[in-house]
């Protein structure tokens, strides 16, 4: 399979702190690619580099063989990377539908003059947004919340809205930062089903998560970071049995064990 | 120690809590479980009096604290580690921890230094980052800081709102061990967790919240084996 | 009260508009010339507050310097008309465009900063514009000002005097409302609002924040420039004292009283501010003391402005103090399912 | 001769810069440390100046009494401002309290014109006009007092805000009020006292400015507060010593600019400098910390 | 403080004194009672009231009682123009007095031209203002006569200095005064070593003063109004002691109060000096003080003169009908001989006044040269 997203020797340094240290990564089309690692290992920072919020101190990121690091984040979004945030960044005072509508930004063309004269472009765009917007909400199971203000929703639902909004970009790859945080096991489970469904539909997903059950059962490939460095990479089983990972991440295993049963 | 009677809280038209009652005795670990939006956070927030209550009563150390301002409640020995971290982004890690001691003026300088060292051994990450601004920490580091800040005041009762949120499994383990250790020191704990199986397994008693009302109570063990609870919160 | 009015409007859209238009068009017939001038002043401030509303209300960029754009528009119109003998109508658009270009220049630093720092830049810019007008004597007339800028003729009717010039103001206000209404309901408006709500998230969704902030400043300052341009020919005289910082604060005050981020906010704000200051004349020097007290009182009663929605990022109350019954049901039913 | 001229312009710039710094101090405390938006600063300066004026009129030129009067008058106004413009809007977006303070400043200004009279009042020879010479540098006694005040106040403030527990409490209040309440800080009281400290500093500044310029008027604060606002912004708002540095730099830039052109370009230099500076360093002299995606 | 009498009403009516009254004539006064220029606007209000009361008490102007309606323009030209329109719309108002700033007056000019109503400003000083319409008048002297005289006769001849440094306000008034002053200085052969301008809201003049000081001029000429005391104080406290001459602020008690000892030896030109110990102005001073609790300035005196001149114009209409038009025609030729010399208008409606050269000695004004010094 072709490499969709590639990182080559990426590092990020804050002052004296090496947050990401010479990391290589290859995400193939159709993957659900997991990134795990202890707190402060540099996972979110790595995402921020992939999506253009940070420029790497060293190395580069490639999307379909094209170098994207150094581009501003909105350009990268246009190239086809959509993301969610670790600490939810919804438009809290807007309705769920409006949140999704803004997600269509890159897929529509209306400019100031189109808007003023209600040109053909404008009408087309509004039609697309309306139809597809509802379709996405339907798909994610949020249609009953369409008119609710996003900030008032429970934590777990907000996470879903963020995913729906990212889907509106029709991205080539979706980066999810701890999507299951704050969800109970049942909800985590349904999120997992949802992700697998997306995968079925041909989406490529990269996900950061601390819930091992979630990661082990959904990802087909896992990258483990510690102190910014890659300490291990491979299939869930390979990672699970890696001593270094056990020591740094799983601890005595009470929780990691849950991943297997 | 803490007694909540018939608590009702509304957000505008929405009723988040519709008459919740529960009790926390000294030295107990109590856990509240429930789905997203069941009202767990709202319960803690209204106990700390951060939002307006419609009706109901909160009694702490046999004093009515229903209308007591939050900072006074804290000074009575109640610590609340809020959902979503809420650390001070522009203060350094060290200053954030110092700010935790405001709730307990009785602490001496030595005691404070001791406490700081204690948190640092608990979360070595924080020690490495002690002069970094709180806002630039990673998500999990912020969560550690929030817990450490809460522990700095050396409270009598500590209310933890999803303390394991965003933490690596190894740290989650430590947190749970820590909770047990805190209890051994004679403190009381009110815990909210998504990971119901873990929290119930260490809890003395648990309350199940559903849509703003308590639907089930029992000891941790009882709830762990309860079919309904199993189905709804523990994951099949 | 607000809801009832809205309900009435929704039911009787067409009659309401017809009555409103007739009242507006025939205004000079039943309002005295002296009061027509106050009406014109209200309209001037509607356009200014409207321009500011686009910048600070819809895009969330703190701007104290709207008077600077107003100044640019005025002077460009005056210079074109007096120095280059361009006709009134032909000069209008360039005045707006020059103001918009200056707006783009101001937006450049705005790309990198927020809040009070941005506010400070706009204050500095506004003062710079005024100082240029004051000191660039050969072009702007300096402290001596610009005089004798004539109102235009329109199909042989000289538009001088408030009662006639009113129609020009009215036309521009309607044009502003029409365009802005369409823009904010489009992709462009949504992009602006997404920047206001959460710039980071907006950028992650591919909204080119730079481009849209520049566009936003240009659009807002364009209208402020147009306001300046039509104002000079109305006043016939202009000098730098018209464009003090206080003017900028006044406009911002009106906007906030009316309600930021709403289409009618500027109208209500400007109307209330002018009518209040005029009707308080009877208390003499106490006028502004009482007016100021009323402003504070108003913020206490309705911090989101007279028209503003309470569930908005600009409102000050936490999300969802007020919500539709429908939303409530949804949340409740969700709770049961879980 | 030329160098003498340059030296005297530099000294003038420094002195004026210290005046700006004096006002910027209080402003930085209110806006930067307590985290409240204000446009009433100029009027508090005026209140401080009038309070000391009436004391000087009644009790003779007693600096200590004047100081007490301006300090307490502006402290009280600080309380009123807090109650009217901030307390209710602590959770609300900034622009709301901003408008309240704009309203309150309008109220104070107009009220002062009615109560004190709209005309200028003389404040002559409170500190005798004595000039000290250090080689080519000439500095008057008042200027010494002002410089001393700025230096003493900014160091004290720096120590209070950075080294004491109360300082940490004050800063945490401005960053997250809910969390501050949860660690046991009395949010309302703390921010009120912070606001009052800022106001009192402005009041004292008002007295010194009155003494320095030898006259006071109800509208004296407007221009000065804009400059203090710029100075504090240059200083990055959150740091008291850097804000006073911002004031001094601003004064220097202005006066050096004037010495090569004319005084009517004063604001062109200061605002021009501010804009250029902010374009290159969007948060002033300090680096804003604590934010990341 | 504000006028205690004005109380809650903007209109000040004076009771009719005797039966011979032919009725009342209403005058409008537009002035900045609030805002940055409130000091002057409130001065206008008090001074016009004093004048009207005096005239009415003496039987009125040609038997007509004068009534003044005051409206606040808040120092905003737009508002000023709106108020002037309201006055013009009110058929009872026969003439308008005001506004304070030239900006406001110039915004008002087209309106009074359209409505053919006299606008008599006490203080408008922009040389372009009065020529804008035949209905526009100003009692503030015209710089083209005055400033060259200051340069040539006062600085050149009376003071006899060889070099001078000039600082002037960057407003219409300051710029035109400076221009004419330089002409006068040139004629007198006085060398101008520095010519500096500054903004109206300036507070710190030290850098301008340093520049003047570096020029080593014998004398400093200050062309300003409100800032003069501050400038004088700052010159003195910088340890410099040049000859000082000023034009613009008017010789008021306020100036002396604000400068204290620093005013000593100051040379100032004005058509009179308004202090309590000047017999000519004592009465006015006291009345003004009773209303405003502060000393009147030259601006207030000008406002007083506007009412007196309108009254004289009305008197000169005689048995003719008092209309807006007849007031304008009469005003053109009116000349008023008051406590501050003779005031009349030039062909454009600009003010022509006579001037004294005054000095300050022991904290008091002393007439150095009488009217007509050339």
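Order of writing sets the chain letters: A, B, C, D and E. Residues in each chain are counted from 1.
Keep in mind that, in the parts below, contacts are C-beta pairs under 8 Å (C-beta built on N, C-alpha and C of every residue); 3 or more make two chains touch, one makes a residue touch a chain.
Just so it is clear, the model here is predicted, and its values are computed rather than measured.
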Please state, in steps, how far subunit C lies from subunit A along the shortest route of touching chains. 1
Given subunit A and subunit D, the chains that contact each of them: B, C
Going by average Cα coordinates, which chain is farthest removed from subunit B? E
Farthest chain from subunit D by C-alpha centroid distance is chain A
Rounded to a whole Å, what is the gap between the Cα centroids of subunit A and subunit B? 29
Interchain centroid distance [CA atoms averaged], subunit C/subunit D, Å: 31
How many Å are there between the centre of subunit D and the centre of subunit E, using C-alpha atoms for each centre? 36
Where subunit B and subunit D are represented by their mean Cα positions, the distance between them in whole Å: 43
Sites on subunit C at which at least two other chains make contact: 134-135, 200, 285, 287-288, 313, 320, 323-324, 327, 331, 334
For subunit D, what residues touch not just one other chain but two or more? 110, 113-114, 264, 267, 292-293
Residue numbers in subunit A touching 2 or more other chains? 53, 85, 152-154, 157
For subunit B, which residues are in contact with subunit D within the complex? 48, 50, 69-71, 74-75, 79-80, 82, 86-91, 95-96, 98-104, 133-136, 149, 153
Along subunit D, where are the residues that touch subunit B in the complex? 165, 168-169, 171-172, 175-176, 178-187, 238, 289-292
In their complex, what parts of subunit C are in touch with subunit E? 32-35, 37-38, 41, 44, 134-135, 142-145, 147-148, 160-162, 235-237, 239, 241-242, 281-285, 287-288
Could you list, by residue number, the parts of subunit C that touch subunit A in their complex? 179, 182-183, 185-191, 193-194, 197-198, 200-210, 215, 219, 311-313, 319-320, 323-324, 326-327, 330-331, 333-334
Contacting residues of subunit C [partner subunit D, same complex]: 56, 62, 108-109, 112-113, 115-117, 120-121, 123-125, 127-128, 131, 134-135, 200, 245, 249, 252-253, 256-257, 260, 285-289, 291-293, 295-296, 299-300, 303, 313-318
